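Next, two complexes with subunit A in common: one pairs it with subunit B, the other with subunit C.
== the complex of A and B ==
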């Protein structure tokens, strides 16, 4: 048996011309590599340009604006004020209250969507009659426009004529100010958000569940594992990376969510749902103070980055741990 | 030959120059008093009244055929934010209606075109005086709307209430009678997600007890009069006659559909309520506010964008709007509000809308709801006040304590 080159020629014969032409082929290779690199840059150029124009430049402008006293009706005419905006923002109760509201809203929303989404995914991953219909119904809220969801929930939450209080009335329970009582405002907004967003988690987790090998379930069954043990020992470890990513996405989206909160409560009652994003909007448009609004936005960005870093550190640690196993 | 060449070259230069200048003028100020102008106003979207108002406004085109009006429509809730953003960016409609607290900010920033020449021949009334800033007329009154107590006759009769109440105690009693008849008693705005409207509605309660937000030099949020107004507001909510959570759109619909007995609302809304035929003018009754003193009014200002592309044409429109012809044309669609001149109510309108006379009477005594001397800070001040009022009605906070907290916080913020 003799080795041959890919074109079928014996190795000796094939290598001689290759050696003879090495300098010329080297130039060609470098040229092709350079062209390949340029082509790569050309492919990513539109995305980079888009990010620079619509993300980096506005971000830098926003940070620069946070050091000025710019007003809404004269956004480019602000005078430098140093770190005054940061000092006044960080010493004001409103900022810390809105940070607390953001943490509460984000934590509750992420927990609610991940738990409900995972449970729904596990449910519709099982084979049963009407599964396709149930999957469609469960995915429906995610397809609904946020404004419509907010308006429908506002109607259902209405204290005097809303569906929830009418239901409670039938049960003999008194009225609740779902959107007007400071004790209930946040819970009501979180519930509406979870209903709207959990199908996204469900769909992602469902996709991950369907990649779990049937042999693993079979092995667990042979080993006598019950449903709970199968989920804990087989399904959950398989889902963990997906859940971490989903939780990160949910966290970032919750920190920056605006429409549903604004439409339901506008930041009330009594500031209980005045999250950082709502605070930025109210400072910029109601108070017309762009400089301070940019400051709150910049501080919010720091919070988002800190959360992302924590998630990435956890992700790295878990990946290393799994590799070690 | 040389002479001919020079003449040819000169002609070419002049022609080119003329073409360049024509191109640069672009149909803006170069064509003074002609072309299209955009007119921004949230009222175009008001059910029933918006169409009638636009129809009246476009009669201007009959007297100035060279100028065409184009609508710029934005719902009330987003109007102020959008207009501020547009005008701040050097864009926005050529001519627009703006809330008076927004007018103060735009005027201070130099974003409004002086209208002195445009209104020189008009017989402007006193409502325009505070739109003259440093000797320049930067806006004219579009309409000054008063607040009155409005009742649905059918609902009140059903509840056994003979006449509209004149005190807060009577208001509560009448509301409770409506409640016993299975209907809602009384409604006003009361939530921060309706800030723009609530900030205008609420001052009537404190002004109604002789209060004001400042004495011209310092804030007077925690004055006894203001505390009395907030206490009256709290009493009404504590009585249970208000459908808590209903926004203005909801309670106005209920009012029209015979489910709600009374509201406190402005003259513009009163006209809207009877404009779509659900509620007849005979079924809408009005009375002065049930407070000891006159309430506050809301002024809507007509102004021209200093950065507009067709300022001369926009000023032509303002000139027409404050003329006798313009005021007479606009009067029916602006209902019972006070206009820029003392144009009387249309006779036909008065006969068809007996509720309107109350608003005309109230317009003679009520006061501006803006904080005197702090007009450009009106929004932060009202937001600070309303946040505390919200606590009064939801957390049972004492009105005196709430107003004291608002005073302290605002003094600190504004310093």
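== the complex of A and C ==
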């Protein structure tokens, strides 16, 4: 079989001119490489442009705004105030309560979605009649618009006419202000969020579960492991990398989630669900104080980055530990 | 150490039978090999013995007790999977110790925190650590105890899988094509290691393979399966020397037994196509048969020796010997032979100058090794010239 060089010329014919015109050929190669690099930049330019216009510029503007006393009525007319906004925000209870609400909401949502999503994935990974239908039903909440979910839950949580209180009334239990009682506000918002978001975890974990070899389950059965031991000792370690990534995503999304909290409680009752994102909105559009809102936003960004860094460090450590064995 | 009895065992998937009327009795401490081509149902049979697959009909008994409905862990068995099925996140030591861990695990250990504490405590028990160390020593895995399976070679993984099955000291070892993922050299080594293990532990082994070399070298008894039905049960010698039918005759051996369509009349057996005499004095009723001869029982006729003429078509040099394909007959009308060539007969013999492409030769057969099969059913015709019947118990 005859073969050719990458240029398409037979080997003998290609090599002679290459030797004779090495300098010229070298210039050609360099110019081709430069053209290749430029082409690469051209390909990524739209994405870079998009990120700069919609992410970097607003981010820098926001950070710049956090050092001014800009108001909603004149967003660009704020005067520099140095670090006064940061000092006042960090010394006010509202910010720390807001941070606590964010931590509570995030922790509960991540724990709820990961546990419920994993349990649902394990359930629908088993073979039984009607499995496809159940999978579709369980995935349904994720497909619903957040606004619709929030409105439906708001109706169900309604103190006088809501489905929950009506159901409890049948059992003889008195009315509960799910969205108005400070003891229940956060739990109600978390429950609605978990219902809306757990199908995402279910689908990702289900994909990971399906990559567990059937022979591993059978080997565990032969070795005398019961269902719980099989899950803990064989399946869970297999799912661990997926669960870490899912937990990271859920954490980031929970920290910045706005619609469902805003539509259900608007940050109430008594600011128990006033997470950082809701706090930013309220400070900006209710208090009309853009400078302070930008400051809370910048501090929220720091929190978000810190959490992400912790997750990534854990992930890297686990990866290194895996590679070492 | 169970004596296994299979009583008309059947297995169907959605109405399609995969195993049909499987009946056999296997003595204790046998090394039984289930041998057959891919898709013949041998792995399904093994999974039914293990309790990993339900039995559709019939009964499997261990020492007289029907085990159809017993869980795998209640059957005192170990199972070595084709893919080894090692737990990837556990070290070799943890993999080997896992059956011991589960054996000592009690339901209340499932309580939160207790589970992790008790698992660690069980793993640290001296008897567990000693048993793991002992098994690792037996299978030369001591240096790899802290490694994960992914960092081991195929042969080492195979040994870990064997160690995991060995550690519980089960009554019955079930092995599902355990060597199929290894290269040829390692396979030879592991064959002898598994045979050695069988001799050492003195327990029953059931081994599934489609590789007849594995079956012939390791088995004390072989069950040949085809399309879910038992074709023959016997020792390797019986299966090779006295095949029950043409499937076994062709399937066992490389190349398999030569089966030449032949006609018997007055004790004279002639090649159905070339008309040449293959055998004389055969104790056969007149009719159509398949004349069976193993390649090593066929040879080139000596000078002046009578024998059917043949034309050499293929020659394979295997080092010390040659496998030559010869078409019976000779394309030469003047020599008085038909030009209608018969089927190819493979002979395994020492290298010879006449064994070249299109060389004309005469063949001679070891008459004691000739086997006859009915042309219509493919079943072997009862003994000719005193050859014994197979000893296997097809019931």
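The definition used in the following text is that the second predicted complex is superposed on the first by the 289 of 325 C-alpha atoms of A that agree within 3 Å, B and C clash if a C-alpha of one lies under 4 Å from a C-alpha of the other, contacts with A are read in each partner's own complex, and residues count from 1 in each chain.
Methods note: a residue touches a chain if its C-beta (ideal position, glycine included) is under 8 Å from a C-beta of that chain, and two chains touch if they have at least 3 such contacts.
Quick caveat, the model's predicted, so the values are computed rather than measured.
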item	value
Partners on subunit A (subunit B, subunit C) - clash or fit	fit
Subunit A residues touched - subunit C or subunit B, whichever exceeds	B
Touched partner set for A:319, first subunit B, second subunit C, both or neither	neither
Contacts of A:223 with subunit B and subunit C, given as first, second, both or neither	second
Touched partner set for A:72, first subunit B, second subunit C, both or neither	first
Where the C-alpha centre of subunit A sits as vertex, the angle toward subunit B and subunit C in the overlay (nearest 10 degrees)	150
Closest Cα approach, subunit C to subunit B, once both complexes are overlaid on chain A (Å)	37
Subunit C residues touching subunit A - in the complex, by the definition given at the top	50, 52, 71-73, 77-79, 81-83, 85-91, 98-99, 102-103, 105, 107, 110, 115, 119, 146-148, 151, 164
In the complex, subunit B residues that touch subunit A	80-81, 84-85, 87-89, 105-106, 109, 111, 184, 191-195, 243-246, 250, 379-380, 383, 387, 390-391, 394-395
Touching residues on subunit A, where the partner in the complex is subunit B	71-75, 157-162, 177-182, 262-271, 282, 285-288
Subunit A residues touching subunit C - in the complex, by the definition given at the top	213, 215-216, 218-226, 228-229, 232-234, 237-238, 240, 325
